[in-house]
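Look for chain A in each of the two complexes below; its partner is chain B in the first and chain C in the second.
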Partner chain A sequence: MKKLVSLILVLLMAMSLVSVSAVAEDGSHKLTVWCWDPAFNIYAMKEAAKLYKEIDPAFELDVIETPWNDLQTKLTTAGMAGDYSTLPDIFLCQDNAFQKNVLAFPDMFNDLTASGVDFSQFGAAKTAYSVVDGKNYGVPFDNGAVIQCVRTDILEQAGYTVADLTDIDWDRYIAIGEDVLAKTGKPMLSSTAGEPDMIMMMLQSAGASLFDAQGKPAIAGNEALKKAMDVYTTMVKKGILVEVTGWDGYIGTLVNSTVAGTINGCWILASIQTAKDQSGKWAVTNMPKLPGVEGATNYSNNGGSSWAVSSNCKNTALAYDFMSKIWGGSVAFYEDILPSSGALATYLPAGKSTVYSQPQEFFGGDTVFTKITEYAGKIPSNYTGAYYYEARNAVAVAMTTILGGGDVDAALAEAQSTVEFAQGV
Partner chain B sequence: MNRVETSRKTHTGRKLTLYQKQNLVGWAFLIPATLLIIWMCFYPMLRALLLSFQSGTGARMSFAGLKNYAYLLKDGIFIQTLKNNFIYLIIQVPIMLVLALALAALLNNPHLRLRGLYRTAIFLPCATSLVSVSLIFRAMFAVGGFVNITLMKLGLIQTDINWINGSGETARALIIIALIWRWTGYNMVFYLSGLQSIDSTLYEAAYIDGANRFQQFRRITVPLLKPTILLTAILSTNGTLQLFDESYNLTRGGPSNLSMTMSHYIYRMSFETVPKFGYAAAMSYVIFILVAILALLQMKVGDKR
Partner chain C sequence: MKRRLVSILTYTFLTVTAVFSVFPLLWMAISATNTSQVVLSGSLVPGTHLYDNYLALLQNQPVWRAMGNSFTYSIGQTLLAMVICSLAGYGFEVFHTRNKDRLMSLLLMAMMVPLAATMVPLFQMMGKMGLLNTAIGFVLPSVSTPFLIMMFRQSARSFPHDIIEAARIDGLNELQIFFRMFFPTMRATYAAALTIVFMNAWNNYLWPKVIMQTNDSMTMPMLTANLMSGYVVDYGMLMLAVLLSTLPTVIIFFLLQKSFTEGIAGAIKG
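Our next item is the complex of A and B:
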């Protein structure tokens, strides 16, 4: 019994020693980071730390792998408890969730406007995701510029080339799609049933949003949204777009050559390249634009994330310096991470680098990375709003209703009232 | 004898009687668990009740009275999820319990070979990880998946059924199938243990009186298993009203929220969208009250002791 008691005492003392040393380290050159994906974000963070060590040899970086769902749950829990002491110095935040988190927990974020990061060097549409009330709360990272990937071999069978699909509108795309389907039996693209990604991409390509500048829902009577719904439904009905179940089903249609192409954020390149046997058969171009809609372009954005500095950061000077010198100032860093992770930056100067202009064998020797960085600079900004996920869910419901034959205006009006209701709660 | 009595007399002032001593020991054993339950269960419940009277986004909460509860009545999605939960409850629980009881009666037969194997095989689903089960079910019930191909080969359907995204009916049916598959074995174990306590002489006597197997089952097994049936009914009702994993992982609540459960909606309101904890707490209280009412009803109907 005595032994047990002494053992417990020793353990307790050891634990208190550990916590004392942790406190002592806070004053040093150490930063803690939460982010997800070892092959992408975590890899990039670790490479950034290596580079920063050349500036500050005492610099230490502790990256804790935290999947986005867990990260959001931790942020919400800390925010609701009003206790930010559990948070790391820097964390990665989904662009679509940025506004919401800043609105819900304004004390959780550090205002980075005067942190020394030159935000004008990033794609404007990308930076806009993490700007709230004119203040920058995030350092933009990965690129979500929308690309159209097409199978040149399938198009060839129907007598088309990539050039025929470049800088076109959806009417032309549907006409080509019908022809391709008739001649090869393959649909042009696939998408996950119940997920409105495609609609959201079309919407932003016209610079339109689900909210107005005051944050009020702008779903009912939104002409760009109506057109997008119309294009989507037409494609499904004509069999040009095939809806599948879940993400795996979607990737399956690409790697199994079920479809002649896809339209998604440029991060889809990584999944496409897993089908090694299709090397040289893919090409990259821009997406079609909405016909007859004011401000329509061939460029949009889907997904992506940005770095935030939490209010729990004890050494903000170090964090700001790290972010501005590496993430917002080093072309060499972006050159370093591109080849092995495919992490395409939204840091515009990096696009001019020679590493970015390397021809890619898989995409028929095209310089796809330069192309995508170019697209990223042309994306129209849209207003995400804090209630993005509510609006997205409501639009998904409307999409299912419209596909089932429901009236477009009525479905959008219902989505509008669903979001208005959520804002009133 | 005399000495004993005097010694007892001298101690009565300070020492407790045997009864008091046992009482104290009993309390000492109860207190740690009681304190833990109060701290980990009742205190959060009280805080959640207070939270349900507050409104606001994220950390900016203020007192709002019954506003959250009033909003619940106007929330179309909440009413849809409430309906879904009751559909699961009304269809799935009776099918599952009848199946479990029938299986238990079959597997209780001491002359049956490989009894242990069957019992384990039927119990095993509830020991598997729900996320992996959902992934496998999603693949099996996909368009062009195993289930559709089998049904087509059997000539039962002409074209693929889009279980997960096709319609609310198929998505809910899928969840009910998954629930029955997973929880029937779990309830069967309760019945098997209940059957052990039924004296075999009762069946012998009934047999001599000329009762067939079905009559024995109806007149002996079911009445004597009543407390167990009540227990499983309350547990299943409770579990179904709090259902989360199947809705979240298997159908993702789709299509158009038609298979989403209340708990899934609470999660969405708390962590996926702008955090509305006050509103989510109010919804949790609705579930709590529903579970309490249903359990009370079942006890009134089922327990005649």
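Our next item is the complex of A and C:
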């Protein structure tokens, strides 16, 4: 018995020792960052730290790898508990969730409007994601500009080139898709069943949102949304778009040559390039626009994230200086991270760099990065607000209902009331 | 004839369910030996990339530190939970007070509350106690669970009270009776409890993720989640990490399999 009691005591003491060593020291030149993806965000952050060290040799950066879902859980828990002491100095936030978090926990964020970061140097639509009541709360980072990637070899079999798919509308796209399917047996696109990404991309391409300017849901009777739903269901019914289960299934259709292309945020380039045997067979162009919808364009956004400085930051002067001099002021930094990570900036001066205009062998020698930076400047802004994810989910349910043969207006009205219920309207 | 038919149907059913249960594990093991692209193509042929995946994993994530942390936290949590819950379960059965059954019902009700609902108040509590980002804060909410207390209480019912009386007459105090008489007789229950607690502790994800703030405190489930968070997921490397993460619980389960079934059966029979 004594042995057991001593074992427990030793264990407790050992654990308290572990805890002591786990507490980070707080130096005046040190910043702590939460973000995810070692090949992308974490890599970029560490490169930024290397460059900033040239300005401030005592600078130290501690990156704590935190997947986005966990980061959101940690923000929510800290926010609801009112205890911000665990937050890092800087954290990365998905653009779609940025306004939601600022509106829910305004004390958690530092207002960056007067921080020295020149926000006019970033794409307007991108910056808009982290603006609440005219104040900037985020420094834009990676680009989510939508691109259409196509397999030129498959298109060629059906007698088309990438030029036939450039600057077109969805009606033309469906016509080409039917032809490609008939001649090659391959669908044009794939999408994860139950995920409304494609609908959201179409919606934003026409500058439309799921909410009006007052933040009220604008789902029922939304003409752009109805048109997007119509295009999507038509493509599924005609077999031009094949729905698959889960993200892995979606990536599988790209790398296994199941489909002739994809439409997604430009970060999809990294996944496409994992199929090394397909080098030279891919091309990049813009997405089709919604036909007959006012304000429709061939440009949209999907995904992307921005950096926030938390209210727990002990040294805001250092954080602001780091953000403005590197993330919002160094073309060299964006040139540095592009080749290894494929992290495309929304910092507009970087788009003019010669590194961005290098031809990419995988995409038939095209200057895809310059192209994407150009697209990024043409994306219409949309409003996400505090209930974006609720609205997205409601639209996803409506999409499934419509695909199952349900009435479009009734399904959208149902989605509208679901969001209104969530908002407590 | 009828018996034979029943037996054929039983075995067919068992074979089908066994295939469904074993297939994901088999797929995981095969995928750990393939490249990401081969995994995505749905191949079921073992590949030659196991070592490459291992090297990539070592380069990307602190896998051995995470393994060490997982072991430290899980063993600590398991030992504490076993001592605390078995003492509580034994106490509930052997000692008699007026309100003990009401207290037990209250405990059982607590079993219905999911962690997500108690996370914010727990976080606040730990914050006020200065236990955020500490190993004690990590294990404390799990060292006493209503399920384990109930399991030990049920087992204690089969422990003859005459032995307790005899031991008291022989001059043993209550703690001595517990450790010298109850503890050795209830090995099967302890083995079952050990398997359950260790597995839960090893797979614990949400709470550690919320309370632990440094890379040094990363555990295996956190490491696996990190591997899935990127724009590009290396499925071969991911499956190897999942395989490594599964092995300890599988080994413990197989080692204690016999006692586990006995212990669970004992607890249910009462």
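Rule of thumb we're sticking to: the second predicted complex is superposed on the first by the 397 of 425 C-alpha atoms of A that agree within 3 Å, B and C clash if a C-alpha of one lies under 4 Å from a C-alpha of the other, contacts with A are read in each partner's own complex, and residues count from 1 in each chain.
Note that in this section a residue touches a chain if its C-beta (ideal position, glycine included) is under 8 Å from a C-beta of that chain, and two chains touch if they have at least 3 such contacts.
Just so it is clear, the model here is predicted, and its values are computed rather than measured.
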With both complexes overlaid on chain A, does A:G424 touch chain B (first), chain C (second), both or neither?
first
Just checking: does A:T245 make contact with chain B only, chain C only, both, or neither of them? Give me first, second, both or neither.
first
Touch check for A:Q72: first (chain B), second (chain C), both, or neither?
first
Check whether A:K100 is in contact with chain B, with chain C, with both or with neither, and answer first, second, both or neither.
first
Let me test your reading of the model: by the given contact rule, A:M80 touches which partner, first (chain B), second (chain C), both or neither?
both
Contacts of A:G215 with chain B and chain C, given as first, second, both or neither
neither
Which partner does A:D37 contact after superposing on A: first (chain B), second (chain C), both, neither?
second
Does chain C touch more residues of chain A than chain B does, or is it the other way round?
C
I'd like to check the shared interface: which positions of chain A are touched by both chain B and chain C across the two complexes?
69, 73, 80, 82, 248
For the chain C and chain A complex, residues of the former touching the latter
36-37, 40-42, 60, 72, 76, 79-80, 83, 119-121, 123-124, 127, 131-137, 139, 175-176, 179-180, 206, 209-210, 212-218, 222, 225-226, 228-233, 235
Using the touch definition up top, name the residues of chain A that touch chain C in the complex.
1, 4, 7-8, 11-12, 14-16, 18-19, 21-24, 36-40, 63-65, 67-70, 73-74, 77-78, 80-83, 85-86, 88, 248, 251-252, 255-256, 267-268, 270-271, 274-275
Contacting residues of chain B [partner chain A, same complex]
55, 57-60, 68, 71, 74-77, 138-139, 142-143, 162, 164-165, 252, 254-257, 268, 270-277, 279
Which stretch or stretches of chain A touch chain B in the complex?
69, 72-73, 76, 79-80, 82, 100, 103-105, 107, 193-194, 243-246, 248-249, 386-387, 389-390, 393, 396-397, 400-401, 418, 421-422, 424-425
